[in-house]
Amino acid sequence: MKILTLLGSTRKNGNSEFLAKKIVEGTDHTIVSIAETHIEPITDKRHTEEGFSPVGDDYEELVELMQTHDIFLFATPLYWYGMSGPMKNFFDRWSQYMRDERFNLKEEFKKKKAYVVITGGKDAKIKGLPLVQQFSYVFDFVGMEFEDYIIGKGVKPEEVKEDKLALEKAGMWNERFRR
Amino acid sequence: MKILTLLGSTRKNGNSEFLAKKIVEGTDHTIVSIAETHIEPITDKRHTEEGFSPVGDDYEELVELMQTHDIFLFATPLYWYGMSGPMKNFFDRWSQYMRDERFNLKEEFKKKKAYVVITGGKDAKIKGLPLVQQFSYVFDFVGMEFEDYIIGKGVKPEEVKEDKLALEKAGMWNERFRR
Amino acid sequence: MKILTLLGSTRKNGNSEFLAKKIVEGTDHTIVSIAETHIEPITDKRHTEEGFSPVGDDYEELVELMQTHDIFLFATPLYWYGMSGPMKNFFDRWSQYMRDERFNLKEEFKKKKAYVVITGGKDAKIKGLPLVQQFSYVFDFVGMEFEDYIIGKGVKPEEVKEDKLALEKAGMWNERFRR
Amino acid sequence: MKILTLLGSTRKNGNSEFLAKKIVEGTDHTIVSIAETHIEPITDKRHTEEGFSPVGDDYEELVELMQTHDIFLFATPLYWYGMSGPMKNFFDRWSQYMRDERFNLKEEFKKKKAYVVITGGKDAKIKGLPLVQQFSYVFDFVGMEFEDYIIGKGVKPEEVKEDKLALEKAGMWNERFRR
């Protein structure tokens, strides 16, 4: 059981990253900081004759990782009540690669399990809910199991270390993944 | 009364663009296709000593436009149940420019009015609701009035032309803006 | 095609009722004001050996109506950001009657189509969205098609008559139902 | 610091009640099972000349309790993706008593803190979110602090005892309340 951790933050060592690392500690996992990869926004060619064009960025490496891991852990700070822009661009490109016959993403996705970590201010546990719902619709659409989510309280560096419940839940997931 | 239309689509002449153009037709307006501008994702430096660094992209031109227009019309297709990645990067950068003392965005935003157009498939009128809620939280946060939204049905090119109610509402907004 | 209109308001001639009547005008329909019927809250006996007990209220007449109509139109004012209490009690009792072998509600529901009318203040078009989502989950659960919804602006008597768009949409539904 | 626990379930010793009791154990508190009180649905008279009429039910005792307690704990099973009907009727009547000059609910509410417990099936942690949002709008409207919420997994009797995280969170709240 291999875990692919996709970090959405544009800051190193932030709160969502802290929780994510705690969750995968001691497991067979790969961590990718999306903002440090080169990912182009999608160019929507779903309705053109020629279809999508190859893009010379890092996305195919991510496709490879998605295929070879069983669990996806998405960890993002709440930016303007949504996932970060780089993580959004990551998802948008699914539209391209789920249609790419060189890969088998459409079928692969149905076997994956998704976990979500969101961190933000005091009100994130309410105002982060539309993002949880969005994730839920996304995973439903591709047939991926949405196992669970954590909304942690943390804006300033290290702040999430005070959120006992988020740490507890992260620890429980970690325990489950280590079995 | 000047309208700034910000298009989120990565396709030319799509459904959200069609509605947006109908809405601003005959008014004093500017249309920007975000995906055609060069906008870097934010690099979160809110918690660093040095603060945000200047970015050599097109964002300052957009700041200028935001300052000189009264109404913002955000038009995006529903990509994975959210706004498009390029539009998300546009919002993320607000965190930088609302702190930039050369501009006065924080005060300016309180005087603006926001309108939102979302287009998507049959289920967008339900599964687009988290996005509407996200927009609502965003506008609340900056003190901008969220005037109204349209969720239009349109995925294939020109499809939204069949959505009579979306057209009707677009027409009403247009009438209001022309007065 | 017969329409069953279920009114949730506890006030006669309110805004949601006004829209609902406009929608069914000239069609084959039945209107029930839930608050004027005698409906007991559910007593949850799903996990008891004896199961649900008969209740001597008006509910079975409503079951009869649900079975003999094709379209359900739920019209409720937004009370505390939800449907009215009497309408909620109406739904809660589904848990009882979907298990009642004298009826065939479980199978019947899958053939029905649902429409929703909500009326409230200026912010209802945002703060009524959780209610729309709740309705959506309800209809999904029972396999009923959720055709569409209207969120009209109207609190004071007759106020919704100023909401041109709500009237327009009500008119479109009416036209569809009259065909 | 006195806690008023309002139970929404129509079943004795259910999962939401179990969590609620764990939360208030050893504190100065009052527990009311709403379904066991006599509460009439509201009759909306906001727009009549004569205003609301006195209702000969148990509501005034609840008003008294609301005035004399500092923290409100609302505990409800997820019935059809919302609070139970009896709890909804309880909230609907706020519209009446916040206008009743014999009481001072409007001012009192601003000093209270609210906690919410919801229990339901596996999907409650997603499909219970509109209810969390509804509670949030309710508390915002009356100026009450929405401190936190638990969505526990439990449908069959005693099932929530397996939801370690819900128990943990309940325990944390209890600790906080005992201080």
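To keep things simple, chains are lettered A, B, C and D as they appear, and every chain counts its residues starting from 1.
To be clear about the criterion, a contact is a pair of C-beta atoms (placed from the backbone, for glycine too) under 8 Å apart; a residue touches a chain by one contact, two chains touch by 3 or more.
According to UniProt, the chain labels map to these proteins: A, B, C, D = Flavodoxin family protein.
Since this is a predicted model, take the numbers as computed values, not measurements.
J.: At the subunit A (Flavodoxin family protein)/subunit D (Flavodoxin family protein) interface, shared numbers over all numbers used: above half (same) or below half (different)?
T.: Over half of the interface numbering overlaps between copies: same.
J.: Need the CA-centroid distance for the pair subunit A (Flavodoxin family protein) / subunit B (Flavodoxin family protein), whole Å please.
T.: Chain centroid spacing, subunit A (Flavodoxin family protein) to subunit B (Flavodoxin family protein), equals 24 Å.
J.: Please compute the C-alpha centroid of subunit A (Flavodoxin family protein), do the same for subunit C (Flavodoxin family protein), then give the distance between them in whole Å.
T.: The mean C-alpha positions of subunit A (Flavodoxin family protein) and subunit C (Flavodoxin family protein) differ by 38 Å.
J.: For subunit A (Flavodoxin family protein) versus subunit D (Flavodoxin family protein), what separation do you get between their C-alpha means, in angstrom?
T.: Centre separation, subunit A (Flavodoxin family protein) to subunit D (Flavodoxin family protein): 35 Å.
J.: Can you list every residue of subunit D (Flavodoxin family protein) that touches 2 or more other chains, as numbers and ranges?
T.: 129, 133
J.: Once the touch criterion is applied, which pairs of chains come out as touching?
T.: By the stated definition, chains touch in these pairs: A-B, A-D, B-C, C-D.
J.: Show which residues of subunit A (Flavodoxin family protein) lie in contact with subunit B (Flavodoxin family protein) when the two form their complex.
T.: For subunit A (Flavodoxin family protein) paired with subunit B (Flavodoxin family protein), touching residues are 9-11, 14, 35, 41-45, 47, 77, 79-86, 88-92, 94-95, 127, 129-131, 133-134, 137-138, 141, 156-157.
J.: Which stretch or stretches of subunit D (Flavodoxin family protein) touch subunit A (Flavodoxin family protein) in the complex?
T.: 125-126, 129, 132-133, 136, 146, 148-149, 164-165, 168-169, 172
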